[in-house]
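Think of it as A, B and C in the order they're written, each chain with its own count starting at 1.
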């Protein structure tokens, strides 16, 4: 079966004028995306991660037809995004975390009804979808509120509804959980999971939040400095990256570096010490060891930053 | 001095909008050319209309275009920031600060005006000088008085814009009053048509209203027409004082409203 | 059969339908507050009325301007005002497209199955300009009493109204495209749109001949009202230019629109090729 998204040798460069000292500007070529090969089959849930400026948003923009690739071939749902933008728009849904697709000053309901007209959604289908999503996403009371007055979480759910009303084959989400509280994030992830399970909607999600990936995606694609550095499962990524977790210990008093087996002190600042230990290991014995041998005021555990995972990936 | 810092910072902020400045200077020049020909045609029919001759009239056009952005006749300036902060509710924070809000925004607006005078005031004037016969002030006193009249004109304009923006405290959105205020300013400042042409009672009324202080009065100082230099500056200063007083009173009322109703 | 025709015509009718859908939404939304809506229209009528007061004051001191009397100038004024008023109502937010580029709203619009120009023009559709259109129509109607009407003159007048709208529409869209390159230069278009309206409020005789020639063969703004009105008023061309120009408004409109759409396509292509 043909892949739903097929990118080969995808390339996107920008001409940027950087200021050098003395008020002059120098032309520079930035390679935002370089030689990207990516194949996504129908029904997959793909997480697309990378540090800031890695090229994630640029890739999504190319996939949705907003940005023309500088080189390489790209087909989404069998169409060429930049040339067949409007035709593609009917088959995809796009949710930008930072910018809303809704009409700001108007009630939520009006936005949905206008979208129904613009996408030419049959009346019956529209009514059915609207009631289904408003129930699943708990938007019933907000339908008559102007979008401007909605909370971030409500607006995000409105954006997702707007993106799904026309039953697209693919849903692109660009940082959808950014700024949401924990409860909202959880509900959103649950909704997306069921969407994929029940309707086979393909999902492609860019995010900074590793927990989004853990909850949703079987497959992870890591991009760094514009190139793909990993394409596989998250567990394998973690193992391969040899990532470390960090135990932050707040001692009652300043003390020399803590010594316990299985952990190394990375940094000491006054009574606070940062200890790293292998990601696969359990933190429990370490916590017990520290507590037994030192006077501890407080402890916390830090997950590896995605940048660290990737950096370690590169280092190998 | 804090006000000087505010003025400098606002000057620098506006200097980053290079595209807007260039585009605006171009537009000013185009309108300057159009009105110059219109006035030349008018003065050909009545060579001494309103006590001006044709050269005076064309000079009036270019001075008006030079002052248009400086005095923010159409609106804009730091009072737009004020309206925005009122709309979002951030103004509540400002009201509790130990700074004179009117002074703060005025200082910023004067900084902006300095930038606009240097760019969108100077550029069209040079175009006007190149294309048409322009009259020069006939005495040093007049030239000085003109220079002094500009910050006063900006102040009068600022005070009116401040009051207009403050309507946002009571109305849902201040864009209606702002458009009205801008249009009245264009008409009664003399930019659309020199007030000296306004007949009878309309002319007398127009000369007494504060908007006259924004374009007509400075222009007359340059041309050596109308009120005496001291009289003109006193007229501007008088309106500036009265209107700034209104600003302070309005702000007090607004503060009370915000405190009582919670914005 | 009818469905076949409708299907074939879809590329032309779809954009119009989309425009009406979007604009309709905005009008319905504004109508939720009828008092505010009506105040807006009445207010805009008053404001544009001041515009004409200026002209009237001018004519309290003189009888003719550039060889044209008040009624004749009122005809020019009204025709140009109608054109820019209707065009301004139709183009909506195109003037502010730089803001859409900066805020990323343009990206949002590109993900919808609707032509970008339709979306931008219909966005924030408002009947605010209705006041100006009404005022210009009243002035034109008053001046029309002085015209010696014949069937061909009526035809020219109707074509003039349509052509001037299309010409201004083209000016708005075409010159706003510069904002794809420099997002804060929105005022650049004003020199041609509002400037074009201001120039055409006066008889071209007050301007140098070269300017009129430029506005005929380079940037066809003179076709908004000057040439058709010469025909309506039964006047010979004061610059000695050919008489058939007086019937060329529709041609000028088509050319301006074509150039504007070309500029738009170029601008959008630049935007999607370089990002924001």
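The definition used in the following text is that contacts are C-beta pairs under 8 Å (C-beta built on N, C-alpha and C of every residue); 3 or more make two chains touch, one makes a residue touch a chain.
Quick caveat: nothing in here was measured; it's all calculated off a predicted structure.
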Can you give the shortest number of steps from chain A to chain B, where adjacent chains in the path must touch? 2
Contact-richer chain pair [A-C vs B-C]: B-C
Closest chain to the protein CA centroid? C
Distance-maximising chain from chain B - centres being C-alpha averages: A
Approximately how many whole Å separate the CA-defined centres of chain A and chain B? 50
Centroid spacing, where centroids are CA-atom means, of chain A and chain C in whole angstrom: 45
CA centre of chain B versus CA centre of chain C: separation in Å? 29
Give the residues of chain A touching no fewer than two other chains, as numbers and ranges. none
Going by the contact rule already set, what residues in chain B reach two or more other chains? none
Using the touch definition up top, name the residues of chain C that touch chain B in the complex. 39-40, 43, 47, 50-51, 53-54, 57-58, 60-66, 178, 182-188, 190-191, 195, 198-199, 202, 205-208
Where on chain A does chain C make contact in their complex? 14-15, 58, 61, 64-68, 82, 85-87, 89-90, 92, 94, 96, 98-101, 103, 105-106, 110, 113-114, 117-119
Which of the residues in chain C come into contact with chain A in the complex? 18, 21-22, 25, 28-29, 103-105, 107-108, 110-115, 269, 272-275
Seen from chain B, its contact residues with chain C in the complex are 17-20, 22-24, 26-27, 30-31, 34-35, 37-38, 40-42, 45-46, 49-50, 176, 179-180, 183-184, 186-187, 192-193, 197-199, 202
